[in-house]
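Each of the next two complexes has subunit A plus one more chain, namely subunit B in the first and subunit C in the second.
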Partner chain A sequence: MLKIIIPTMMLIPLTWLSKPSMIWINTTAYSMLISLIGLTYLNQFTDNNLNFSLLFFTDSLSAPLLMLTTWLLPLMLMASQYHLSKETLTRKKLYITMLVLLQLFLIMTFTATELIMFYILFEATLMPTLIIITRWGNQTERLNAGLYFLFYTLVGSLPLLIALLWVQNNLGTLNLLVIQYWAPPLLDSWSNALLWLACMMAFMVKMPLYGLHLWLPKAHVEAPIAGSMVLAAVLLKLGGYGMMRITVLLNPLTNFMAYPFMMLSLWGMIMTSSICLRQTDLKSLIAYSSVSHMALVIVAVLIQSPWSYMGATALMIAHGLTSSMLFCLANSNYERVHSRTMILARGLQTLLPLMAAWWLLASLTNLALPPTINLVGELFVVMASFSWSNITIILMGINITITALYSLYMLITTQRGKYTHHIKNVKPSFTRENSLMALHLLPLLLLSLNPKVILGPIY
Partner chain B sequence: MSEIKKKIQSVLPGGAWTQLHDTSYLPPEHSDVVIVGGGVMGLSVAYWLKRLEKPRGAIRVLVVERDHTYSQASTVLSVGGIRQQFSVPENIQLSLFSIEFLRNINEYLAVVDDPPLDIQFNPSGYLLLASEKGASVLESNVRVQRQEGAKVCLMSPEQLRNKFPWINPEGVALASYGMEHEGWFDPWSLLQGLRRKVQSMGVLFCQGEVTRFVSSSSHAETPSGEEVTLKRVHEVHVKIDRSLEYQPVECAIVINAAGAWSGQIAELAGIGKGPPGTLKGTKLPVEPRKRYVYLWNCPQGPGLETPFVIDASGAYFRREGLGNNYLGGCSPTEEEEPDPENLEVDHEFFQDKVWPPLAQRVPAFESLKVRSAWAGYYDYNTFDQNGVVGPHPLVVNMYFATGFSGHGLQQAPAVGRAVAELVLHGNFQTINLSPFLFNRFHLGEKVHEHNII
Partner chain C sequence: MKPPILTIIMSTVISGTIMVLISSHWLTIWIGFEMNMLAIIPILMKKFNPRAMEASTKYFLTQATASMLLMLGITINLLLTGQWAVLNMPDPIASNMMTVALAMKLGLSPFHFWVPEVTQGIPLSSGMILLTWQKIAPLSILYQISPSTNPNLLMAMATMSVLMGGWGGLNQTQLRKILAYSSIAHMGWMIAVTTYNPTLMLLNLVIYIMMTLGAFMLFMLNSSTTTLSLSHMWNKFPLITSLILTIMLSLGGLPPLSGFIPKWMIIHELTKNNMIIMATFMAITALLNLYFYMRLTYATTLTLFPSMNIMKMKWQFENTKNTTLLPLLIVISTMLLPLSPMMLTLL
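And now, the complex of A and B:
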């Protein structure tokens, strides 16, 4: 594990000591090399896990998420180049440092063995994200967005700390590998129900669950592009990953404590999908679509069946790549037209045909077109929820329809039709942007050929 | 180091907290559309943009107005007439829609819990008088007007004397009288009504002056190999009144509705900076021209049915209120153009140029007493005295809604709708204003309008 952590840490001196003309090249290239190291972890040859040390381990659940995190850093750096070009050198270096710090915390979170270390790093990821949103965000509302983001997550996760300390006291250990075998059954009592809530709420807020999702559209819309990418792709998955890890402690109470959250998620995914149909701001649409997809993951994790876990893992990886790609596309639009409103930049297919191809592919993966891994994930979740309760198939069906509707609505509004007069002089797509989209799409398509890598520990 | 110390000291309790200043007087940092100019034209564009946007709340609009008292704005200094008696069909269509807007103004501009608007529309019609020379032109104009749907009738001197006994029809060969949808109204109430409605629809107002456009250019090649530079304005610097502070507003579209000062705004965007004769070097030919309006009292003057009379000589008058007061004036010739530096009134102009023709036409006006007078600007289009509507071909995201040379107020609702259609749909959908696009200045295609007052 150190072979990823130390290079990531050393990216910070790399940015501060590089020549000004070489900052972006250096950081992007080295972070991509680091992600290639992460590829080796995907080769999980046992169904247990790869144990690196007392502190770090990966198994088939955290390895794909780790890969996603390390793959995203070079992509975030590529996406941020344009809007940082007008900043001073120190600011640029600070920004990259924040991103690398966030990356460091995320890597350690996904590979943490001990749940307290996981918790500390889970909270630590908030800090660089908050700094990125409030300092480099676009509008004055970003202060409000930062506040919502920080306090929602903090309030949700403080009970988790207490719960973890109690479990540590009670059980003697919080080592993920040990509690898999040592966790006593959680019987039905008021205090155990509170324990369940304390453990789960942090991750529910992070996912986000439908009733607690207010911070997400704000944070996503106000964050700069790298902030949006990392938020959508990785930080939301922290919630899913945490839920999947902590549920080993919470059986059999989950069987009936999960009901309110199942209802909220099932209802919430339809609600947020419907809101997407009425959105005028492109980034806001993608943010609400994230909530909708994550609601599926919540449903899957709470059902706790083998197929649903496989679906949840696949969906997390697939959504990470798709959502991040959509944010990059929205940002490329914003950099040209200086507005995020969809109807002001129409008919882009005529002006930027290659970008239109990326838009098409991103929208198709967003609506879970076969044979992408988005479909694999969603299908597994739908099947698992059908076997949990037959009626949910209606809700799932409605959700899939509305997802298709708003994805195509976004595609058609921005790409098709006659272009407006005031976007006639958009700059053609940069190679940097095209390669950014290709690097998002390549893992997605390759994984469609071999999805077993991302199907998680149950496969 | 001392700066950090200062910051820390101000954060600690007891220190003066100097970090977050109140910036609510500044415009927002982002706006999708920035409308330069908050007169009736700018507000009309804002209204129709908010009304025609498909999902509600889609577009963020900012109206930047330099003077919130509107002390020099053409809108409120206008005589307030509306007529369909133009010679260009598009002008007639614009006025027809506008009168329909004004007649149903409380359906268009209703705001919840606010009292209804009363723009005090007097539907007294316009009376255009023509001498022998202008009679045939008047007749063909009336034919065009009738074709477009205006209700205008032709009157002979006999009929004139019968209908309006106070008129002296000597020298008049033909007259055209608008029987419906013509008259005058209170422009201040229209402005306030639009302001109220537009604010309730979510448009942001800002008091400031646009001092700079930050733009980015890109080069393109025409099919014949010529190089063209396309520019887009992506930031508008709005300077706050009586201060050096300015706020850069990031925007996608700029609408130039600055009235008499539109020429200066266009120059800020770099329109007209190029070799003369090319498209790049074509300026926006809108400049301020001063016009005087005089208010006089004549106890024996014409009564309630008095239309807005425009004499063959160019002098005009209309009834104002119910106390035998009349408003009137005359457009000076090119040589007599007053200096548009300020809005001082020249009373000699009334004695020399306005009173004689009016006294000749209406004998009762031989004894009158001037009560007051004021001056206002025409956003005068020196090219063809008709409005400029639509985008600039090279500065791709600047749209114009200006240059109406004295008939802007009456066409404002329709022009606002046309510009909003252009922005939202990409083409004119209800009234086709392609003759009014900017290109005509470069191509030299004048829109000949006979009835310019």
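And now, the complex of A and C:
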């Protein structure tokens, strides 16, 4: 694992010591090389895991997420070049340092063996993200957004710390590889219910669950592009990953305790999808669509069946790439029009046809078109929830319909129709932007050819 | 203050605390406390304005009362055990009396009312000594009598202290009052764990002293005592603004900074002893503290302008304030988490 961690740490001296004209080139190139190292970890045993040391391990669940994280850093750096071009050199280097630090913490979180180390790094990811959102966001609401983000996550995760320490006192260890065999069944009592809540609420807030999702639209909308990308693509998946790891400890109480959260998620995914239909703010639409997709993941993790876990893992990877791509597209709009309102920059297909192609592909993957992995994930989750309870098929069907509706609404509003007269002097697409979209889409399409990689440990 | 006088007074302060630390006779402990208190009054009154005199008077009255209560506890112990040796105090009356006396000295709830007012009235450097050095002596006595203290009393004081420290600091803009309420809250954390593992109390004290010294020195660089003057720091010391961010987040107990070490260890110890509700309660009220630290960072660092001042003459002005060992304090306050096993074995 050090062969990823040390190079990522060394990206920080690289940014501070590079020549001013070379910082973007150096960091993007080397972070892409680091992501190529992670590709070797995708060759996982299906029923076992790859133990690197006492501290780090990967298995078929964390290796795709690790790959997603390392793949996203060069993309974030490429996306940030424009809006940082007017800042002073020190500020640029600080921004890149924050991104690299976040990357470091995320890599260590996804590969942590010990749950306390997972917790510490889970909390540690908050700090660079807070700094990125609050310092480099664009509107005054970013201050409020940073506070909401920090405090929602902390209030959820402090009980998790206490629950983890309690479990360590009882079981003797918090090593993930050990507790899957040693965890005693959690019987139904008030204190066990509180333990269940303490363990899960941190991840519910992070996912986010529908009732606790208030921080997400604020944080996503106010963050700069790299912040939005990393939030949507990776930080939400931390919640899903943590939930999948910690439910090992929480059986069979989960069958009983999961009902309120299932209700909230099933209803919430329809609610947030419907809100998307009425959004005027493009980034807000993509943020609410993230809530809706993650609600599916919550449903899948709480059902705890083999197919639902496969669907959850696939959906996490697919949604990471898709929503990051959508944020990049929204940012390319924002950089030209300096407003997030959708109708201000409509009819772009006539002006930027290649970008319209990327918009089309991104919207199609967002609405889970076959044979993309988005569909694989959603379909597995829908089937698993149908087997859990037949009625959920109605809700899932409504959700898929509304998802299709708002994805096409977003596509049609921004791309089709007559353009407005004031966007005539929009700059043409940069090669950087086109390559950014291609690099997002390429893993998605390649994974559609071999989804086995991202189907998780149950496959 | 003239240097010879300052030397004598500071050495009296230091030797007073050291007398408390090394003595095995209760009378010399009391003498040490009195030396410390009397010598620090001139330090608190470095400036001759009525505010400073009022603060020094309040400090003197509370600390003298606390010393007398301590003496009362010592005398009751002498009455019941017939000896002056500093061992445990088996009698609950003497032990409670002493705990209350030490709580008054430390500024724990419900005896916390003097801390914000005294800290506000004195200069920044005196406040620094007040909130860090003055805590060492009472906590050392608490460490020594910790086996015989009443856990209920300590837990009640800890609960009230974290609440008061959290809520009291929410409405403040004066930096010294903010650090005073932070001190009250941290003292609450320290005594919550005293009955279970006094070593963790010392760990929390050491890390708290490092962080508070660092925070005070950063404020002294700009002579800023209000949030407003702190928000002007971007102009003179842009680097220091980011250091204020890290120290404030460390005071708030955010991982991966070293302020998280005492909180984690204390919650671990409380959980081991089945005080789970207490641990949850303290952890959540620490978020109140984090809110006003975040407000300071918002004013200072996170709302920096896109470009800095291009004043050409800045290089001619050197730093004139006494910021001893500031880099060391910053590093200790932020990067100690990977070394936490070493911290536990050192104490």
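Throughout what follows, the second predicted complex is superposed on the first by the 457 of 459 C-alpha atoms of A that agree within 3 Å, B and C clash if a C-alpha of one lies under 4 Å from a C-alpha of the other, contacts with A are read in each partner's own complex, and residues count from 1 in each chain.
The rule is simple: a residue touches a chain if its C-beta (ideal position, glycine included) is under 8 Å from a C-beta of that chain, and two chains touch if they have at least 3 such contacts.
Just so we're clear, the structure is a prediction, and the values are computed from it rather than from any experiment.
S.K.: For the three-chain model obtained by superposing on subunit A, do subunit B and subunit C clash or fit?
M.R.: clash
S.K.: Could you say whether A:127 touches subunit B, subunit C, both of them, or neither, answering first, second, both or neither?
M.R.: Second partner only, subunit C.
S.K.: Go through the superposed model and pick first if A:19 touches only subunit B, second if only subunit C, both, or neither.
M.R.: Neither subunit B nor subunit C is touched by A:19.
S.K.: Considering only touches as defined above, state whether A:427 meets subunit B (first), subunit C (second), both or neither.
M.R.: In the superposition, A:427 contacts subunit B only.
S.K.: Between subunit B (first) and subunit C (second), which does A:139 come into contact with in this model arrangement: first, second, both, or neither?
M.R.: Only subunit B is touched by A:139; subunit C is not.
S.K.: Superposing on chain A puts subunit C and subunit B in one frame; which of 131-139, 221-229, 257-265 or 329-337 is the clashing stretch?
M.R.: The listed stretch with clashing C-alpha atoms is 221-229.
S.K.: Identify the overlap between the subunit B-contacting and the subunit C-contacting residues of subunit A.
M.R.: Correct list for subunit A: none, the interfaces share no residue.
S.K.: Enumerate the contact residues on subunit A facing subunit C in the complex.
M.R.: 86-88, 91, 94, 105, 119-121, 123-124, 126-127, 131, 134-135, 143, 146-147, 150-151, 154-155, 158-159, 161-162, 165-166, 169, 198
S.K.: Would you tell me which residues of subunit B are touching subunit A in their complex?
M.R.: It is residues 23, 28-30, 32, 53-55, 57-60, 217-218, 220, 230-232, 234-235, 250-253, 391, 396-397, 399, 422-424, 426-427 of subunit B that touch subunit A.
S.K.: Quick check: in the complex, which residue numbers of subunit C touch subunit A?
M.R.: The contact residues of subunit C facing subunit A are 242, 245, 249, 254-257, 260, 264, 267-268, 271-272, 276, 279-280, 283-284, 286-287, 290-291, 294, 298, 301-304, 306-308, 337.
S.K.: Inside the complex, what are the residues of subunit A that reach subunit B?
M.R.: Residues 138-140, 278-280, 337-339, 341-347, 418-427 of subunit A touch subunit B in their complex.
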